[in-house]
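My questions all concern the structure below.
A, B and C are the chain letters, set down in written order, and residue numbers restart from 1 in every chain.
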Amino acid sequence: MSTQSDNQTVSSVKRSSGWVIFVFFLIGLIASLISGWIAFPKLLYSTRQQPIDFSHKVHMGVVSNGCQSCHYFRDDGSFAGTPTNAECESCHMYPMTSDPDENKLVEEYISENKEVPWLSYAEQPPCVFFSHAAHVKGSDMECATCHGDIGHSDSLREYQENRLTGYSRDIWGYNMLRMGEAKHGQRHKMNDCAACHLEETGSKGDCFQCHK
Amino acid sequence: MKIDRRCFLSLVIGGAVGTTLTPVPWKLTDDIAIWTQNWPWTPEPEEGPSVYKKSVCTLCNGGCGINVRTVRGKAKKIEGQADYPVNRGSLCPMGISATQDLYGPARIKSPMKRAGKRGEGKWEKISWEEAISTVSKKLAELRSREKPHTVACISESDRGTVAYLIDRFLKAYGSPNFIRTPSFQDSQELALYLTQGQQGTIGYDLENSDYILSFGCALLDGRGNAGRMFSAYAGFDKKVKLVQIEPRLSDTASRANTWIPARCGTEGALALGLAHVIVREKLYNKDFVENFSFGFQDWTDEAGKLHKGFSSLVKEYPPEKVAEITGIAGSKIESLARGFAGARRPVAVSGGFGQGSLDETLAINALNALVGNINRPGGIAAVSEPDYLSWSEMKIDKTASNGRKKPRADEAGSSRFPNTGHLLYRLPEVINSSSGDSPIQALLVAGGDPLYTMPDSDAARKAFDKIGFIASFSTYMDETARHADILLPNHQFLERYEDVPTPAGVPKRIIGLTRPVVRQQYDTLHIGDAFIRIAHNLGGFIENALPWKNYEEFLKKTLSNQWKTLEKQGYWVDPEFVIPSWDEAFHTPSGKYEFYPTERNNPSGKDADALPGFKTSGIPGDPEQMPLILIPYESIRIAGGAVGNPPFMTKTVDANVIKDEDVFVELNPKTAKEYGFSEGDTAILKTPAGRAKVRVHLFEGIMPGLAALPEGLGRKAFSDYIAGKGVNINSLLPEVAERGSGLNRCRATRASLTRA
Amino acid sequence: MTKQEQHTRTKRYGMVIDLDRCTGCGACMVACYAENNVPFKKNESDKMLSLNWIRVFKVDNGKPFPDTEICYIPKPCMQCDGRHMEGHSPCVSVCPAVATDYDYPTGIVSQIYTRCFGCRYCMAACPYHARKFNWWDPSWPAEMEKYLNPDVSVRMRGVVEKCSFCYHRYQKARDKAYLEGRDEIYEHEYQPACVEACPTGAMTFGDLLNPEHEVYKLSRSKKAFRLLEKLHTNPKVYYLSSKSWVRRKADNYLEGQSPGQQNNARKTETASH
């Protein structure tokens, strides 16, 4: 015993006190929280701007058929997705306004016969088959349910790409722990699809339904 | 304050606790899992709208309508065009694989000139200006020396605008040497001319026949028009009988109702044996034979000389004798003859071993005449080319007219072979036996791969080496292109316009339109444009003969009446084409179908040589030293013609046909036992023309005493996916010209097989 | 929706191949390679390593010349239902990664390449050799990548692949039906590439449960049989042949066994559902 207490005495003399240890614990805790919550997302995601800014709001004001005026279904049921020059050209063969982004579209892309390299927020990896027809036509879903209110935005937000996976940040979502409501409805991971399918159809669905 | 190890540990623990409260571990686990599934080096094909484009496949002369799926300007998939009047939706595997040819490694990407020795494979990229002017200069130089007749052009087809353009060019230039590559068409065209007095091809109405007697014609193995044959076969109901005569159980034979394994090269004798029974039992169509045919009975000519008729000829072929020749029992021959003559719409199809000799084709054709199925549904009909190629006569200069009067270098149309149109296989012998300058100074290879497809490859190569200048217009780096001096690559067929007239064997008159379904991939030029530009460079009458700005303009002008229909539906069917009745159909000297072809070139003057008698099987080689008979076989999975197998096709070939680099020779187990071979053994195959290393595959379905090798292998060029695999069967086959016609009469040879 | 409810709406897509009509041309194989981005190598003669979703086998009756007969048997994935039609196919039941699964709405056995980690249990379990392993990364020389079909994902080294009955074509047909407000797709709208390419019309495809589909009638014909029926894998690929030796060959019958006995077994099996 005495040896032990001796040892304790010796060590209590040499050891730092409890609060010092706690301070260090706190330093570690806070530093990791800061780096994990603030630095990590910045490090994980690279940020890019779209090649041209685009106002969905302005366009929604002039088209007659809502989103499907430009993001339409082809006759074979496939979804055309992001419009190509062929669609933009029908109005923007020549600039209609003095807007610099519109001028950029006409001068740098349409007249050069070059497609605009749009960055697609909801782009899925090549192993995924997603049927817009099944959701929009088959189940009468609103575009906003998955894509948020992008249709009313006046400007395109920045595009964030996961440096590790190469996926758009919208797939995981903006909330790093994927808790609470999804911002803009973004969150396009397989679990998100499955959760909704389970709720709506009673089954998560079969593999081939969404994979190719 | 003392900072020690415990503080450090505390810091780490704090960090660890904090980290678990951040997204870092959870997010990273997920991201790393995804990262492990990312394979950035595997391609991600671009999505887009599917656009289907109609065209016509020209990989062979079959001319099948195709429907090409394209996505964002790239050809993705080729399917048969459902309403195309030739193949009606069916397509062979070669046609389906054509996207691999389009984007594959065999393409020649720009004009080039030879940088090393011939055939060495060293090339220098040149501009189109240089390529065109090099050819023009060479041609101008030969003309300035009054030698335009020493220019020859080889083409796979003599029909349609491209062939017409080239022929017109040669006429204006002064060369008689437009040479079509040999095929089964040659003997059929010649037989048609001799028996019916018609220029054209024989159309077989297989779709409406109820009894098809095929003399070794590889109907379902890729002969002629595979897509059309498949669609016809798909339409056969239970009443249709297909009889296949050949010594090897081919795919056609295996699907036939009856397989008649007659000895190799005796098909003509069998046809005469059948005719014997039909005549003896009076099963022939009396109306046709008595009223619309000539030379059935013995006849007397104007000089009062008595000639033997066909009915007397076939008396010499009683079933017992034919049984001895063919190995088919006499009773079987009799029942076959009765079955054929008793059918409602029977048809006999020629085109077995090789191109088929004229004798054999005439004998088989006589069966059609006997049953009176000429110009009848389910029978045969003469099909001439539509007359859309009607450009005005052109003026030519003296040099040209002198040149054109010179005999053809291949001896076709000469006094030896007066009725034959093209004899490419004669060319090596003519060149090799000439003393002094080669009779061909400049060779333009506008189609085909003659160095690969010609029999006796060594002789062919030797002859080509004597030709001073060889220009190839091939799309792909084939064997002939490899041996050329200058390359002027044509567009691949998915990138170009071309008209495709009725394929041989189809009893209709149609035009199909090949058109660009994708943009031109490389620095290539349409062969029509190349000839137009060469003509413009040469100037004078030659330029005037080809006055068009470019090929497309020429094509549209030529087809101005049909163009709208062609653009819309991809093909045009001649509404004016009617198959004439018997009293109008024949333009022979007698005005009838000639069982005794009076126009036939017959130097001996003997009836026996005019009538289609059976002499010998004609298989070259000494039976003592070479006890086996080697035959080539066609496989639908191995392209035997000018265009080699794309990777997809070779992938489908079984491992007992090709294993690694080796080809298997098929032997009957009995034969193998006799010579001491078992499955997989390596052996040396020797023929009078050459020798090759092969492996042995035992197959019960081949006649004992035979050895069979597939066509289409042993390529020295094309892509790495086919070159170097197996043996070129053509290099093992000697050339055997038929007397009187000059046609290659037999694609079989004596052979020996010895242990390696 | 319960399994039972789902089952009532279920389709069982299947194929009937008339071996009397098949000429062995290989168009089905080539069409499949082109449609499904199946890679190729310079030497494809080792058939154990050769990637094929459908392969045409040549068999003969073993009789000497001239009584020899040959028959071609095209063999895609059999899309086995399992003994009680509950999707217990040999491969699905052994996959530790749920990379292969039974698709209840269609009866098609799925294969998800990004999920597969290449253990190859499924290949060992499959009695039909329908599954192939990617020993190498695929490569397309020259510009051949251009012809790749965007509807089918390109596989990578280390995963197993197999015939999917061109499921992407089913998806496309469904998309069209959605657009046109239909619940059902037409028979002709969904046909796999091999069936579509068969130039002699030997292959037929459709819903085996739908009396209006041709396969319904054909699969119940007297000439119909399946490969290795005695294993009770319950394949959805049927064959037709008028030749008894072909049928015997198809089930690897032992001496003394006959197709008749097995057929009865099958009938009771089918009838019980």
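FYI, a contact is a pair of C-beta atoms (placed from the backbone, for glycine too) under 8 Å apart; a residue touches a chain by one contact, two chains touch by 3 or more.
As the structure is a prediction and not an experimental result, all values here were calculated from the model.
A.B. asks: From the C-alpha centres, identify the chain that is farthest from chain C.
C.D. replies: A
A.B. asks: Looking at A-B and A-C, which pair shares more C-beta contacts?
C.D. replies: It is A-B, judged by the count of C-beta pairs in contact.
A.B. asks: Please report how many Å separate the Cα centroid of chain B from that of chain C, as a whole number.
C.D. replies: Inter-chain centre distance comes to 34 Å.
A.B. asks: Find the geometric centre of each of chain A and chain B from their Cα atoms only, then give the gap between the two centres in Å, rounded to an integer.
C.D. replies: Their C-alpha centroids are separated by 57 Å.
A.B. asks: Please work out the Cα centroid separation of chain A and chain C, and write it as a whole number of Å.
C.D. replies: Measuring from centre to centre gives 39 Å for this pair.
A.B. asks: Residue numbers in chain B touching 2 or more other chains?
C.D. replies: Counting only residues that touch two or more other chains, chain B contributes 37, 44, 47.
A.B. asks: Taking each residue of chain A in turn, which ones touch at least two of the other chains?
C.D. replies: Only 76, 78, 125-127 qualify.
A.B. asks: Residues of chain C touching 2+ other chains?
C.D. replies: Residue numbers touching two or more other chains: 114, 154.
A.B. asks: Under the touch definition given earlier, write down the residues of chain B that touch chain C in their complex.
C.D. replies: Residues in contact with chain C: 37, 39, 41-48, 71, 74-80, 87, 89-93, 96-97, 99-100, 102-105, 107, 220, 226-227, 230-231, 233-234, 249, 251-252, 254-255, 259, 261, 521, 636-637, 647-655, 658-660, 668-670, 699-704, 719-721.
A.B. asks: Under the stated contact criterion, what part of chain C meets chain A in this complex?
C.D. replies: On the chain C side, the touching residues are 1-2, 6, 98, 101-106, 108, 110, 112-115, 151-154, 164, 167-168, 171-172, 174-181.
A.B. asks: Can you name the residues of chain A that touch chain B in the complex?
C.D. replies: Going through chain A, the ones touching chain B are 14-17, 20-22, 24-33, 35-37, 40-41, 44, 74, 76, 78, 80-81, 125-127, 162, 164-167, 172, 176-177.
A.B. asks: Write out the stretch or stretches of chain A touching chain C in their complex.
C.D. replies: For this pair, the touching residues of chain A are 73, 75-79, 125-127, 129, 131, 133-134, 137-138, 201-203, 206-209, 211-212.
A.B. asks: Across the complex, what residues on chain B touch chain A?
C.D. replies: Contacts found on chain B: 1-4, 6-8, 10-19, 21-24, 26-28, 30-32, 34-35, 37-38, 40, 44, 47, 49-50.
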